[in-house]
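Each structure below appears as structure tokens.
There are two complexes below, and they share chain A, which is joined by chain B in the first and by chain C in the second.
Entry: the complex of A and B
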């Protein structure tokens, strides 16, 4: 098994040198990026501590673990965690690491269990991560060890947001809702679905040799690339006999706050056409049929006059609502990410609609998706160029868009800019910079 | 001692368990329409056997270290446990589960 490069342990002196570096690499005012943020192994470690060690992170969808004892082996940054349904129906999240010598408590990706027995010396933990048995206790004097002090390390807080399970290591983290800031309306609209949602078809995992921030940033703020990166795929997806026309300029607003970003468009008719092309007529009609019920939950504007195009919840949860792909950009060292992707559907949708969604998502955004491959190729390309020292010192331009703050039509809440902007990308990097400059507990 | 009614068959899911409190504490295991009873704690390291995995071959697997026991005899079928589980006589009559704690 190939191991990625040995991690670096940061010291206070190194941290403060890195802070200076971060401050000089991201210019939030002008919108420039020093690309060492994508490649430097020291910054990667600081990012693990201060971004992934502090933010609310998506760890699972509750539909993966419906019954007591069901578990999903997830990650919070580079740390492996177990997400486990308890006997009382609640969910526990804890570090997937034995307190004896640190082997994983559980090596399966998902399943059902009564307890987690470490494969090395057999220490055993209950569903909540509490140490319940030190093996051969009588013979090895295990009674002298207070088991209550040697349970698996638990996250500080857990939140269930319409079926999405989030966790944070930070005791002082704001509530999940507060962490959404001015973007809350948009996330509610996307995830508060009539009857709730579920993920189907298993999780797909694939590695892209590029930093995780390329995926996150693009989903937060970049529809700009579509007509260039994806033109060949878009042509290939055209129905027989239809001419490819220049797409009309995308109306709508790009929302941003606290590192989050995404686009909402009022061009519902056009979006429906795109849905018909990408997901099939039946799925488009099904979506239309749910709008009245959806409006009861989130209001007319969100349910009937808006389509959500793309979004990234800081730091690393991406969604394309139209293509129904939900994913996590898992960091894997500075030079690679592992994408974990699911097909997200309404729990109450008819089976044939769910099946359509699953198949169509595979064709567009998934390991086999044509659009997915276009994007991954660009990110890989950038990362490869960053092997060069000259290249790593060359600033990137992140200045597209007008930095507007208010929607002139008054329809979309919070700070927003035009749909084709990099305002949300600037927001992403400036939030990232702010977090990187603030120590977390336990450094 | 004699048989006393401790549960009704419907209280126990098939391949499920049911705890009978008291002295000694006992676990009932249901396999189809049969019910078996053993001591509560595993003979290896004291795992609660009501958390065990019940097999349709009349076995239970310990939740902690996966030793299997024969529910009919209590015999330990594989390590790390070697000592048998104490078993108790059970009768099912008209849907009532009757246990003799001895």
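Entry: the complex of A and C
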């Protein structure tokens, strides 16, 4: 189990010292990263307040909680939250903490209930997190407490984006769509699927002793690592008798804005071959069969001309559309993260296709996934080296790519660079830095 | 109604009959030989102990409300840490043997301790139903160590053409962790 240091309470003086530090650690103009951002417990705490306390965060997929009373115990940063389907079909998200002495309201990972009763003194909250009963109220004078004032702490806003449930603690947060900025076209294309999406039931969770930003940054901006990090799996998956050759530079564009990033490539014969290798022939044929219906929703260019490869929605939602893994990089102190991963499928896909997707995704990108393992190894190694003082003071090079801002072909909207670039990584860290420099309400 | 008793995620064949001492001994020895092959990284030997129609799985596990404890394990169509055929196992081994599988460079030094072996025979399943517990110690690099505990439910068949005389047709691995406290499940159980 990774070391999880005791939480630190920041004071205004410490925050302003940290702001100075953050400003000096991220230089997006030249493209350098001061790696203390991955290891410093004070910065981690400020990040909890100013990044996770403010951004729209993925908390669940609605298919995990289809019926009234269904809940999923999620996280927003290090804060535990309950995501609960209400009787009217809406979804509530609130802090998984009793207002009396702060015990966790629900210790189950997921399930179905009528109410949440704290096991300490029995205070009871309804599905919306409202305090409905103070136990032994008559005997303990509970009637003197205004229950409406002591409900579980609710998030400020909730948004359902094609089945993905997002929440934010920030009342002043921009609308979810606005928060996507110029990357919206890409997310719409990935998630607005004919018939909608669902995740394979349950969730896979594992703990990686590395900072969450390594996962987020890589999914946002790094196809560059693939041929080196994953060479063993690529070799092992080569069909019998075929020689492995390093793939040619990837066509397509890397998109970026407001901390988000990802890569979209032209849909060519090769894309279908890649899908066939990663997910099997049946899934490839199924995907082809959905393109007309998908084009009606998102247009020809998005549905028929574009293959989405990898993306990270700032801060911590990762997706590999080709491999159909959707995950949250849950921070766990500066030195560790939990990866919560799902297989994302079309809700209307035939059962055998869903099964095939599940098996292939688990095999490639999951706790035992043959590709996933090598990523975690690299991130863990970086974190290990950062135990050293000299190592933490040594700047990382984040200079790959040209910082182009427009696709010359005009096919890919928004700010884009070549596919193999670190422009989206620079965007990720510069957005992170900007948020870290802006106080949030209630600090 | 709550159930404190664990609901297992597999069906035990109803005709399973406890095996005699000699069969139990032979199957135990087979499991130890298998564990030894893994620990010595003789993965080709290990693959030879797996049936062509292998089903190797490890369902995800959850903390549940008391009245929902029967759903502690991911169901058949839900998330699993492993859900492999023999072909997939061969791929995992092939990956390790490229010498470029960085998560196993340097390789994990594993120690599989296999205990609590119970053997039954089922005519309907045409196999021995073998339950065993494992504790797996994983040491890697200098100061990395992980511990995996759990139980396994195997279907093992006699196969005179297999080098060890048996082959594993089905293995269900039940980890004692819900959150897997490891950067990867890159070793075999």
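Going forward, the second predicted complex is superposed on the first by the 438 of 443 C-alpha atoms of A that agree within 3 Å, B and C clash if a C-alpha of one lies under 4 Å from a C-alpha of the other, contacts with A are read in each partner's own complex, and residues count from 1 in each chain.
As a convention for this text, a contact is a pair of C-beta atoms (placed from the backbone, for glycine too) under 8 Å apart; a residue touches a chain by one contact, two chains touch by 3 or more.
Being a predicted model, the structure only gives us computed values, none of them experimental.
Novice: Could you tell me whether chain B and chain C fit or clash when both sit on chain A in the superposition?
Specialist: fit
Novice: A:374 in the overlay: touching chain B, chain C, both, or neither? Say first, second, both or neither.
Specialist: After superposing on A, A:374 lies in contact with chain C but is clear of chain B.
Novice: Output check: A:399 vs chain B and chain C. Expected answer is one of first, second, both, neither. What do you get?
Specialist: neither
Novice: On the A-aligned overlay, A:358 touches which partner chain: chain B = first, chain C = second, or both, or neither?
Specialist: So A:358 only meets chain C here.
Novice: In the superposed model, does chain B or chain C contact more residues of chain A?
Specialist: C
Novice: For A:281, is the partner it touches chain B (first), chain C (second), both, or none of the two (neither)?
Specialist: Once the two structures are laid over each other on A, A:281 reaches no partner at all.
Novice: Check the residue A:391 against both partner chains and state whether it touches chain B (first), chain C (second), both, or neither.
Specialist: Neither: A:391 stays clear of chain B and chain C.
Novice: Looking at A:273, would you say it contacts chain B, chain C, both, or neither? Reply first, second, both or neither.
Specialist: neither
Novice: Just chain B (first), just chain C (second), both, or neither: which does A:153 touch?
Specialist: Neither partner.
Novice: In the combined three-chain superposition, what is the angle centred on chain A between chain B and chain C, taking C-alpha centres, to the nearest 10 degrees?
Specialist: Here the answer is 80 degrees.
Novice: Quick check on the superposed pair: does A:366 touch chain B, chain C, both, or neither? Answer first, second, both or neither.
Specialist: In the superposition, A:366 touches chain C alone.
Novice: Rounded to whole Å, what minimum CA distance do you find between chain B and chain C in the overlaid structures?
Specialist: Taking the overlay as described at the top, chain B lies 8 Å from chain C at its nearest C-alpha.
Novice: What residues of chain A sit close enough to touch chain C in their complex?
Specialist: Against chain C, chain A makes touches at 1, 106-113, 200-210, 229, 231-233, 235-237, 338, 342-343, 351, 354-355, 358-359, 362-363, 366-370, 372-374, 376-378, 380.
Novice: Within their complex, state which residues of chain B touch chain A.
Specialist: The touching residues are 45-47, 51-53, 63-66, 80.
Novice: Please give the residue numbers of chain C that touch chain A in the complex, ascending.
Specialist: 58, 60, 62-65, 68, 71, 74-75, 77-84, 88, 91-92, 94-96, 98-104, 178-186
Novice: Spell out the residues on chain A that touch chain B in their complex, using ranges where they run on.
Specialist: 114-115, 117, 122, 124, 132-133, 135, 137
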